[in-house]
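Each of the next two complexes has chain A plus one more chain, namely chain B in the first and chain C in the second.
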Partner chain A sequence: MALRILHNELFSHHVGVMQRLLSSERVLSSAARTAAALDTSNPDGGEASNKKTAQPKIVASFRTQESNPTKHKESHLSRYYTVPGDISKTLFQYGGLPKAYEKLCHIFTETAIMVRKPYLEVTNCIESVDFSKPAVRIVLYGKPGHGKSMTLAHVVHYGYSAGFMLVHVPWVNTFMRRCKDASPSESKPGMMDVPIDAAAWLVQFRTQNQHLLKTLNLKTSKPYQYGPRDIIEQGEPIDALIEFGIGRAKYACDVVEALLREIKGFSNSGLVKTMVVIDGFNGLFAPNLKTQRRKILEAKCTLALPFLEITQFDWCNGVVILSVDQLAHHDMFKAESNLPLYLLGKEGWEHIDPFIPIMVDKYDTAEMNSSLDFYIDRRWIQHPGGQTEAGRAELRSLCAGNGFELMNLCAPL
Partner chain B sequence: MNSLASNVLRCSMRVSLPHGKQAVAYMSKSITDNVSIRKRKTISKAMRSYIDRVKQFEEGTVQAKEEYETGRRFLANIMGEDPATFSAEDVNRAIEYLLPSGLFEKTARPEMLPPVEYKQSAKFDNTGRPFHFLFYTGFPHTYELQHETVKRINKADALLDLIHKKGHTPEKEHQMDLVSTEWKNKKEIQETINECMKDSHFERTMETLESLARHPMSASFSSFLTNYRKPVIKQVAEMKLPSIQLDADGRSFVEATRRRKHAVATVVIRTSGTGKITINGEHDILYFKDVQAREQILYPLQFTGMLEKVDLDITVEGNGSSAQAGAARYATAVALTPLVNEDKRNEMQIAGLLNYDRREAERKKTGKRGARRSYTWLKR
Partner chain C sequence: MPLMRLQVCASLSTLYNVGIHNSLRVLLVKSYSVYPPTFIKPVYHPEEIKKLSAEEFRVRLHKNVRAAESNQNASVFHDPLYEKLVNHVMKGGKKLLARQIIEEAFLKVKSTQVRKYHLAKDEENRKNILTDPREIFHKALQNCKPVLDVTPVKRGGVVYKVPVAINDRRATSLAFKWLVATSREHEPRRQHTGEYFSDRLAKELLDASENTGKTVKKKIELHKLCEANKAYAHYRWT
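On to the complex of A and B.
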């Protein structure tokens, strides 16, 4: 009980000290160090020591050096891997990690993600998919805090490493429930545009797929005319379309629609393989639109349409990974269940059926311990009581395998 | 004549009037007739005033009885029942029915009680001479008790001398068993001797009693001493532990139900578990959003070192989260008692884990928004 000491006022100071402590070298806790000494069967530690026989690198038991997610397998389960800094910046600069964890990553000076069972299930599915057949839909579900978004972040990294074109929506409700601006659509009467959010998404798309856009030299398949002088000719590079959308936010929603249709076309013609990752997918079926200023607009959102279109199975060379979340429900306090049938509703279920459901379960004991080791290693748990077995048992029992809850519990320690 | 009058005078009454006020006086049957026959000389002033008081009170009692009887029959008629069989209980029920009261304090509610009688002997005879030899000390029974005790101490000394003369030493059974009983407190002693005591008197009396009780020959006087002693209530020893049962899988479990405020929790603890906690069948410990409530449930497990060793199955309902957590904590602690040793059980008792938390929400007051808070002040 005495573990929880509140020192919020020291938080900012704490962050500064942490960064100074952690920047120079990774500090191992005593527990981790003993575990590392025993860790001779580490699958990648062995490789590392073969290459540099002079100085084998000490790897804690809760970590893995394998930073390529395509190579993650059962032996890496419940270990943390670090997303390389540049890739992390490319992928998660505009969101993709849960906000609270993003803050922690900043403090820890690394983006560490745990290899978990649902991730391996997803990658197994992707690897065994026949890409000449219609796109397979995978739906992650589970209780809030069990790691759906973290699994999706891991999957995004996988997609990036495996050379997929990423269509990644970090959180649907950023434009469905908290849109920055909404205006009546010109192209689709009776619906609302969310220009700023659409433009922001285009920026994110451009950043995440920079390498593919540069190398593949993709071109538009038909001309687009938005205004009298806003014309994009057929055969122009797809970058031009994106640039136009970003520059003229007024047309950004229409550009997103056109862009996703183009991507479908590229995938069908076999130019690229596409991975669609949408977090909080059930948010797209909300009956209304809510702005950042909590104004409720009784109209459908035009930006939802292209994402609904790309999650259909009328195209090939793609894989669709979605998550349904209680927190993405249009009235999240009234959401009673976390099961897809309830969260998607009739409309959503009919849209997404058939799909592969994957449950993201709570942490097991190994994952819990690994997580605690990680926090102790990153000095997120500094209280001496938190490092004893009794303290760890208390933390394990208090959070009941919920990763988010554990993070919150450890914050004041 | 003398003896007759004194016998009659010893019958006295205490009457409780219907409105609850009590008056004490003395009465006797046919006392006026007797007085008129007797010579005036022999009656002291004290006796006369006493007789007057008795007479006055007798009249009051008769009137009160008549009034009560009338009221009783009236109520019986109102209630449509037979007045002959309408008892005092029926009267109370009728009053409660006819004059319903929302008052919180039960003694403030309307009631109608029959005049209560009780007998207390007059403290002096008809010559005005007190019966008790210590009457003029002001505390006759207190001093009498001290006298009696000292008498017995002297007797005990004599008995001890006899034994010593025979060349023996007193056995252990010659002394009274003082473990199973303890001294009554001041209030109880006062009730026993039927007299108010000063603190100094009480201390002195207890010292005297104590020296008799500690005497090596006190066993002979145990019947005297037990009047001033009461049995010790051992809570822990008499604590009824829930039984350990076996379920279909051959796993042992303990079940306990306890309350806090209006929340009721039933906890089933299964041994050789992994620390799995289920609440109301479908939730884990995160059923409680606040950390404090979760800590409450884990506390008995931590205290007994059972964390992650037993599985908990909690069913809880009623009230808010902290009351539910309190009830679950209490039930968990009680269910753990048969699984730990005696010492740990005592420690749990001392830590307050096995006590009912009797705090409850304070009642709302009229003219207030809640228990204490006033309504927002409005300038007219």
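On to the complex of A and C.
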């Protein structure tokens, strides 16, 4: 309890600090948005109503046709939108959606995400942030299963649509607690490299930012030498650096570090806007490294360093969205709280302070009904009882507003 | 063992003698039951309670009722046949594990069928795809139920397999037994391909719902045996 009170106090302090960093628009924008939402009776925006098509498509009340997340506003709250197939493949091919939900998307043959309040809070912050000021850090927190990762997936889609360069880590513990391979680092003595995971991350980075890398023509700012013959000259396209990291996994960790520093440089010079999205951020502060075969290595991971570096506020033209998760804790069965102060620990808190905390709460009534409707529509709930009010009430009370629980409860129905 | 059964029944009859002859009581009383025979089984599900007539209510009013069992509940999703399947899959009293495995199997059935459904573009094809796992399970069970069984009858020193008609209870029990047994058949551990009981049960349910698969084959074989031994049928009563 005492922890919670202390926590809340610290939060209110930091919100104050962060608001000073934000431009004055932020305060106004929320009210303006509500007014705008009231004006348009059609929740799918004015454009749809202007263009009268021959056969208007009937849209269920739990869905919205608006598949561009930059246009999502209060009127879309608790409705599902579908991520277009090609974008979904670009963004979430190498992770980004929770595993269980990824399976569901495969079954439903569509990636549907619910527009929720935390998402609007995040985008509201991003839209009102002054990009000439140091990077703003936003931290999502909440109980497991309440939708932090889904919100981040939605935010990633937002970043993609709004033209941000994405630095997206789908789940920190894939390399901190389940790394495929670990070898002692050459460049940083006493630390461990995770070459395969680092190379995999580079592949993901390349896939997610393909359109930007093609058009922006970014160049390296200085020469890099890794081996006697592995040299990247100054002024070579940044693709060459990424390609090199993927091809020579041995140096992948160093390449990630170089790449993220380059990105910081590009952002500072105003070439790109960058969005950093890291799920399970508190996992980066684990005291040791654990391999896929559950072997614990008493050394720090080199791949964690560049991500810690890019979450600092010594650069501009960027925004950092993180989530702290009980499940990402280095000893997750012993994690007692889901609040950032506890999960980040002293080191993490000092690293990320000041930040904007955003709580991802359980489903409210509208969200619950909408997700039940969605499951019934997608045939995830087929039991005739599930479509009655009694069945819905039973599911509602059993899952207690937890989206993940609801999904599991509906699994055999 | 029979002696013990007699003893228990005798003691019960002295305690709860309601005028039935002792020798008859031996046949009627189930040994080791914690409830005396005057106790009736509960009607625990709201839907079932709705179906009761006023007359039945009146009869039940003054009778002692057994407590509901742990797997009998008032959930909207409750299905007695499903609970029966849990009991058949259960090993060593691990009911929770059995339930989890079956839920997994149902999930797998549903996953394949629902994906098939969403991939089918036209309505005509969609109509033909069964997607409800409970419906598939019920259909599979119905298809696995035999109508005849064989019973050994000794005549002139030879044991004949005599075909007999069986009741629904026995047929259901056989269907469950076969469904679970065929799902438990697996390759040797060394060649384990990552296919688990739940995978095989899911496959078996899907096959059986379409009247194919190992379980249905077992049923057909039994029917064939009964057909072949048709000539011995009269041994049942002569």
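The criterion applied here is as follows: the second predicted complex is superposed on the first by the 363 of 413 C-alpha atoms of A that agree within 3 Å, B and C clash if a C-alpha of one lies under 4 Å from a C-alpha of the other, contacts with A are read in each partner's own complex, and residues count from 1 in each chain.
By definition in this document, a contact is a pair of C-beta atoms (placed from the backbone, for glycine too) under 8 Å apart; a residue touches a chain by one contact, two chains touch by 3 or more.
On a predicted model such as this, the values are computed, not experimentally measured, just so you know.
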Touched partner set for A:I107, first chain B, second chain C, both or neither: second
Partner chain in contact with A:E394 - chain B first, chain C second, else both or neither: both
Winner by number of chain A residues touched, once chain B and chain C are compared: C
Chain B versus chain C as contact partner of A:P412, first or second or both or neither: second
Which superposed partner A:N402 touches (first chain B, second chain C, both, neither): first
First, second, both or neither for A:G386, with chain B first and chain C second: second
Footprint overlap on chain A, comparing chain B with chain C: 390, 394
Touch list for chain B against partner chain A, complex: 274-275, 277, 284-286, 291, 294-295, 298-299, 301-302, 307-308
Chain A-facing residues of chain C, complex: 75-77, 102-103, 106-107, 110-111, 114-115, 117-119, 131-135
Sites on chain A touched by chain C in the complex: 103, 106-110, 378-380, 382-383, 385-386, 388, 390-391, 394, 411-413
Of all residues in chain A, those that touch chain B in their complex: 1, 4, 362, 365, 390, 393-394, 396-402, 405, 409
